[in-house]
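Below are structures written as structure tokens.
One chain, chain A, links the two complexes that follow: it is found with chain B in the first and with chain C in the second.
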Partner chain A sequence: MPAAIRNLRNKPDVLFVRLPNVLSLLCIVVGVVWLLLLPLNEYSRNTYISENALLPGQVHAYFTGSEQNIFRGYKKELEVLLNEGREEGVSQDVAVTPAAHNKVHSILQAAGLKVATQKYEYTSAGITHHGENIYGIIHAPRGDATEAIVLVAAWKTADDELNLKGVTLALTLSRYFKRWSLWSKDIIFLFTPDSKSGTQAWIDAYHDLQPASVQPLPLKSGALQGALVIEFPFEHNFRSLHVVYDGVNGQLPNLDLINTAVAIAGGQMGMGTNLQEMWEHDDSYQARLKTILRGMTKQGLGYATGAHSSFMPYHIDAITLQPKGEGWEDEMALGRTIESLCRSLNNLLEHLHQSFFFYLLMQTNRFVSIGTYLPSAMLIAGNFTIMAIALWMRTGYYSDSKTNAPAEKSESEKSSDTKGQSMTEEKTKGTPVAERLMAMPLTLVSGLHLLGLVPLWMFNTLSHQYFTTATYVFVVVDVVLPLLLAALLSSGLGLSAPIVPQQYLLIKSFTLLLLGLSLSTLATLNFSLSFMIGLLCAPLSFIVRLQSPSAPVRFAVSTIGLLLLNLLSPPIVLLGVCWYTGVSVESVMTQAAFGWDVWGMWTQVVVWCVWWPAWLIGCVVLGSSMF
Partner chain B sequence: MAVDRRKVAIFSAAFVLRLVLVCLFPSLPDLLTGRVEVSTPVNSFKRLQEGLFLYTRNVSPYDGGVFHQVGESHAMQLRGFSINSIVQQAPLLLPLFALLPDVKSNPLPSAIFYFIVDLVNAHALANISASGQSVQSRLHSAIRKHIRWDGGSVAAWFLFNPFTIATCLARSTSVFTTTAILFAVSNAVSGNSINAMLALGLASYLSLYPALLFVPVVLLCYDQRAPKLPKIAAFIIQNASILLGSVAGLLGLSYLITGNFWEFMSATYGFHLLVPDLTPNVGLWWYFFIEMFDSFREFFLGVFWLHLASYVGGLTARLHRQPLFVITSLLGVFALFKPYPSISDASLYFAFLPLYRHTFPFMRYTFFAIAAILYASLLGPAFYHLWIYAGSGNANFFYAITLVWSLGLSILLADSIFAVLRDEWEQDHPEARGSEVKQV
Partner chain C sequence: MITLFRLIQSLSLLLLLIGAVTAEHTSNWAVLVSTSRFWFNYRHLANVLSLYRTVKRLGIPDSQIILMLPDDMACNPRNAFPGTVYSNADRAVDLYGDNIEVDYRGYEVTVENFIRLLTDRLDEDVPRSKRLGSDAGSNVLVYMTGHGGDQFLKFQDAEEIGAWDLADAFGQMWEKKRYHELLFMIDTCQANTMYTHFYSPNIVATGSSELDQSSYSHHADNDVGVAVIDRWTYYVLEFLETQVTSANSKLNLGDLFDSYDESKIHSQPGVRWDLFPGGEPEGRLRTVVDFFGNVQNVEVENANATEPGSLKEDLAEIARLVEKWQKRDEEYSAILGNSSQQHGENQPSESVRLGSKKTGPTRMAEDNSWGKRLVGLSVVGACTAIWVAGSILGRSA
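Here is the complex of A and B:
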């Protein structure tokens, strides 16, 4: 082994050019394989309840019998009011008619809750979203109004269905909970018109951080300890409970909350639970991996998956409970599950903090925690840093071809007159150390990263009907811009000294350093996004400026390379994913702009200010071999 | 004086950049003011504003007994234990800021005031560079004199350093200490020892720790005037008395303003020395003192301060031929080991480093040091977010990153000292130039 290392020193070609490539590739491969190993029993763990105070399923749930009659009564009343409203011409886009809205208000008031309303309006991508939230507060008979639990029922579910039974169930529960004397935390019942904007407006206003178009809340309670969202958008009985947990920007609720929901639904109520739309989960490797990957996709895209998502940025753990399938469980079973969950949350002595906040679930009772999965994203981010360091060393200690050296020197002497910089070669006995010409590479890399603000601003402010066109325009820009920049660079920009080969290496080094930096930071905030962008950017590590002697070969190879790279450009990837999933580009971009404006989602920042500049510079480096 | 076009371009570009940032992102200054990386208890603009509020209403901001619950700053909730005073900044800043219009209703004048202070700092830095002290002093002459940046470039490195910009936008009061230190040095390189001592007195009055720079600054002055002044001891005593006199004068003025000498002394210098506020910052003290048993507190306070002060003697003795580099390295040491460091201290150190452009070829780990600093500056805010806002991390996350930050700075510091020593060594051993050396 020491002999091998000594040999390396004598072969700078291997040390500075081949070895980093091998190491980078190894990092990427190990990173991916690492992720693929996670579903195995050896690397994952069974979930467990960390917070002893939760005591899930230890209390008897009394929500039965006569409450069902009240449920039916409320449902009938709301149904009639909704149908009347429709006949009077309330459009189908609005889930709730004014009469039904008022009815909710009066039912809450009749049950003895303090009730208040809040109007809000958001404009995003030229579309206005407005509505009115109603919420009622049960003041804890045994508490001091310093802590609260939220139960949310949106008139429209996350899948845009009418959530009539969910709203009715919440109303019935409000009446039922009011009569209990055992609550030590306030319980807030929140009714929003939809699952996208209503909770966001409410929770922002609860913390006094609302924009001007959202009304402040007239009535408040204490610090929110947890939130449950109730959905029940169909008439028939259900088979299992789907727990949705992803928050905005990939933030997750404390694992204890999910564990409690799973334990209560499975252990106490005897109904099945599902995660990530995996209706048939046979606990095989494939099913586990599929669950993880679905979870990562949602986390990586960072959008709100339901009304619960808006709570996460405020450090309030929240989940949505969706009944799914055809079975024998009725709304009372769902009600008892929620009652039991509320009793567990009611037991909490402090905010949920014991269990994990960073995890990947692969089954309702199996997960991997951050310590186990983080290395895979870090390895992928690390490959860029390794390459950056190697390129830096290479520019200092190793000249690619001996023939180029004198030419470089004369060029640099010219530049030293104009720019006050010089490139002196320190002739030491061992390895030559070259001064680096860093001004131009630094300017180019930082300039192109700032250029990312243009598409970021554009795609967040355009009106929604232009999104498709803008995306196609951007595809064309992505083809032309790198060639244009490469041509400009090789012609020396017409003002300063012409670019030397060393500077291409420096450009690549700096951009990869930045990419590695950003991705490893991102991995701690949103593992999945970092992993996905890292994989999409992986080819950038291996791009070189071709220096083969014959021009036609260079031209052909770099053209093919550019074409392939263009397949990995952000707009093309977007178009590809849209085509594969069958969603229109416009709706994706509208959703993204909505996320930016309302939810505070920053996936776009990563795409346009991290991924796109790195990709662009990669293309410029490759494209420069044509000139 | 001929107007240097390039310098004017750099200065106006820096000014416009700051103005554009403030106008485009009006919430940016307040955001930065609240960041623990930028604002520490001793330089926080927010605390100064709270003190100013009391001062303009004729209530002593240094009398905490009654008012220490008034403060509503975020930092207060994080404190290890209660602190008596609202303000930890020097009293003379209060009447200065009372002259500026109210920040809440009209933030632009005070922002522009800070921009101008930054430009003044850059000007002083350009003067230091123009003096050529970094390459050619009385006892030392660098070999690679031709590799250097002129004043304009050095000023540009300072003005366009993101850390400097962040400090300026956050309106941290450490920029005034920076100004005083830069003026002390720029007067010292031209041999104007009285002005240098007055400026150093102001710096020490504002932040206490610059007093440690006394020896190298005096040496720097002495180098300029050596032929005429044979006795160094007399020169040191003479300058020390000027320094003490200026500090005494400033303290006297402060007494006139506040009316209670010991109150403001304990609120400002007592605060610097005894480190009662353990709000997180980029330094190494807070976590250590939170974890420590109270009975050891005094002992370790002594050890930490002794550690910080001990660099003065060692560096001055070893590098006495280049006092300007002693100052540079000490600024780096302060940025690392001060009780309340912020990125403004690092930005001052980074401002001096380009003066030693001629030693850069000898530095071996610049890339790693800068990569570590970049990693820390991205991961620091991310981990602080996870700890304080998302609640999914904890204090150890942020502390780990401050360790990385300190690691990056210390690599840079050690590497620059190595490079300068190597430069000195080559000067002494012309026959060995270009041979490989090993650091042991």
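Here is the complex of A and C:
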């Protein structure tokens, strides 16, 4: 082994060029394979309830019988008011008519809750979102009002359907819960006009962090311990319960909350549960992997998947319960599930903290925790760092590409650890070890990263109708800008000294260093986003400035390379995904801008300030071989 | 005269011998400890309260029961039945009824307080209700329940008592003559490890589960929403409630321990006899009510014994003290008398002098009057008769 290392030292070509390439590629391959291994039984675990206090499904749920009559009554009243409102000309875009809105208010008041309202208004991408939240509080009769649970019913579900039965169920439950004396926490019933902005306005105001366009809350309770969102947007009975759990920026609720919901729905109520729209989950490898990947996509994109998502940034565990399918479970079964869930949350003595916050679910009862899956994204991020370090060492080793390995053999052991040392060696022996010319590469790399703020600002402030055009314009910019920069660099325009090959290596080294650093940090926060960006950036590790062949060949090869790279540019990837999923670019960008303005979504920052600069510099390095 | 004296001596010796054989105790104390708080540990408090109810039923008064409850389940807002604690889903008996005396509650239930209680290292200002007033004639029942592990039992949320701590506490109790016999019962996971280090004599110990075994709850009440009792305690209670129906029950510890059914308890309960004089055969003969019931016996001491701590020695010591104080008093009054002579009349000092003259020291001598000996004989005789009658009646019962 020592002999092999000594041998390697004598071959700097292998040590600094081939080996890093092999290692980087290995990292990427292992990283991807690692992810593919996760669904196997050997690498995943069965879920379990960590928090002793939860005791899921240990109580009888009494929400039946006469409560159903109350439910029907409320539903009828609201239905009539909604239809009357429609006839009077309330547009279909608004889910709730003023009369129905007032009815909710009066029902809550009649049930004996303290009721308050909150108006809000958000403007994003030129669209104004406004509405009024209503909420009522049941004060725990024997509790101390220091903690609370939230039940949310939005008039429009996450899929923009009218959530009439969900709202009615919440109203019926508020009347029913009020009569129990066993609550240790206050229970807040929140009715929002939609699933996107209403809860965000409410939760921001609850913590006094609302923007000026959102009213403060006149009525508050204690620290929120958990939130459940009720959806029931159809008339027929349902078969299974779909648990939606992804939060903004890929934050997740404590796994115990999901486990409790699954245990109660599956164990106590005897209905099935689904995750990630996997309606038919046969627990096979493919189904598990698909569930993981769907979860990772949502986590990576970081958008709000329902009204529950807004709670996550405040460390409030929340899930949405969506009835799905055709079956025999009625609204009372959903009500009992929620009752049992509330009793479990009521048992809590402290915030949910025992179980995992970082996990990937592959089945309702199977997961991998961060310790198992994190190496996957870390390896991919690590490949950039390895390459960056190798390039850094190489720039101190070669003065330029013309020097031959034999000439350096004698001093290879001392090599280029410090600049000073290299300098003295250069003087004494006249060997080609160069000083690193860092000023220009550093300026370029940091400048281009700052340039990322321009598209970030642009795509978050433009009005929504310009998004499609702006995206196409940006595609063109992405083609032209690298060539322009490459031409500028090689002509030495504005630079006192002409650019040397070592500087290209340094440029690449710095950008990969920054990329590796950002992605490995990001992996601990949002694994999926780091993984996706890492994969999309993977080719950047292997891009080189072509020098050896003749000019026409270099021109041809780099043109093909640039074309391929352009296929992986942020706007092209966006267009490709939109084309594949059939969603319009405008709606995606509008949603993204809304996420930035309202939810506090950070995905764009990663795209425009980490991915795009790294991609751009990669293109510049490749494009420079043309000139 | 001499023959009669010898007769009394031999009689009392005989009595002492018989007393040693039956090991009569003179009082009963119970220390009932739940060590866990929080709503989901409802069952631990219910365990202790069930046992509390049983020992009260069998006669131990509240003044001789130390009840430690770290949490208040009855008034927990989560309790669907406010003000009550039940140990059975049928909710027939409210354990938190109208006659309950909790001695240590909430955060008072700590390892330190528990050990101080056992070893009586408590401040002077600690009330009697929080003291274990047992003596060398007391049979003590110690029942503990909570969450435990290998050689430890968790107290509340932050501390635990180790098996050695407990063994040393009992060791000190023995040295300080704070128990006559002790029955230690514990219901927790790996409970049997808790009594492995006991070394002081006269202890019978029993636990719910072996090393690496969990103790399980028996059943849950679906309206209260939590498990209400542990399995081992449930079946111990079942025995106590159905078999030991009165304070005169002759069922012994052997019967109680034989009632353990592993298929019902779902763990292997253990019993430790080796610290008990005579081991298992002797220990099995102790009746259940020796520990769960109450006696109020009077210890009749041998009037002629001369060993340290005997009545005669005490009396002689008291006489010596009285004489000493008498002397000091006389000296004092002599000084006072001098001063009164100097300053004129002084009534109080006069009276003191008069008083001291009237009550001379009572002389404790060997030759007591015959009358006193007769009284003593008749008392001893009466006691013997009662004892003989009692044991005959008891056997027939």
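Everything that follows uses one rule, which is that the second predicted complex is superposed on the first by the 590 of 627 C-alpha atoms of A that agree within 3 Å, B and C clash if a C-alpha of one lies under 4 Å from a C-alpha of the other, contacts with A are read in each partner's own complex, and residues count from 1 in each chain.
Everything below uses one rule, namely that a contact is a pair of C-beta atoms (placed from the backbone, for glycine too) under 8 Å apart; a residue touches a chain by one contact, two chains touch by 3 or more.
Since the structure is predicted, the reported quantities are computational estimates derived from the model, not experimental observations.
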Which partner, chain B or chain C, touches the larger number of chain A residues?
B
In the overlaid three-chain picture, which partner chain does A:His315 touch, first (chain B) or second (chain C), both, or neither?
first
Would you check which partner chain A:Val30 touches, where first means chain B only, second means chain C only, and both and neither mean what they say?
neither
State whether A:Gln251 touches chain B only (first), chain C only (second), both chains, or neither.
first
Quick one: classify A:Phe357 as touching chain B (first), chain C (second), both or neither.
first
Output check: A:Leu488 vs chain B and chain C. Expected answer is one of first, second, both, neither. What do you get?
neither
Using the superposition on chain A described above, determine whether A:Leu513 touches chain B (first), chain C (second), both, or neither.
first
Once chain A of both complexes is superposed, is A:Ile389 in touch with chain B (first), chain C (second), both, or neither?
first
Please give the residue numbers of chain A that touch chain B in the complex, ascending.
251, 313, 315, 351, 353, 357-358, 385, 388-389, 392, 420, 422, 424, 426-430, 433, 435, 513, 517-518, 520-521, 524-525
Chain A partner contacts - residues on chain C that touch it in the complex
38-40, 75-80, 82, 220, 222-223, 225-227
Going by the contact rule at the top, pick out the chain A residues touching chain C in the complex.
52-53, 55, 58-60, 140-143, 180-184, 343, 346-347, 349
For the complex, which residues does chain B have touching chain A?
144, 146-147, 149-150, 153, 361, 367-368, 371, 374-375, 378-379, 382-383, 385-386, 389-392, 434-436
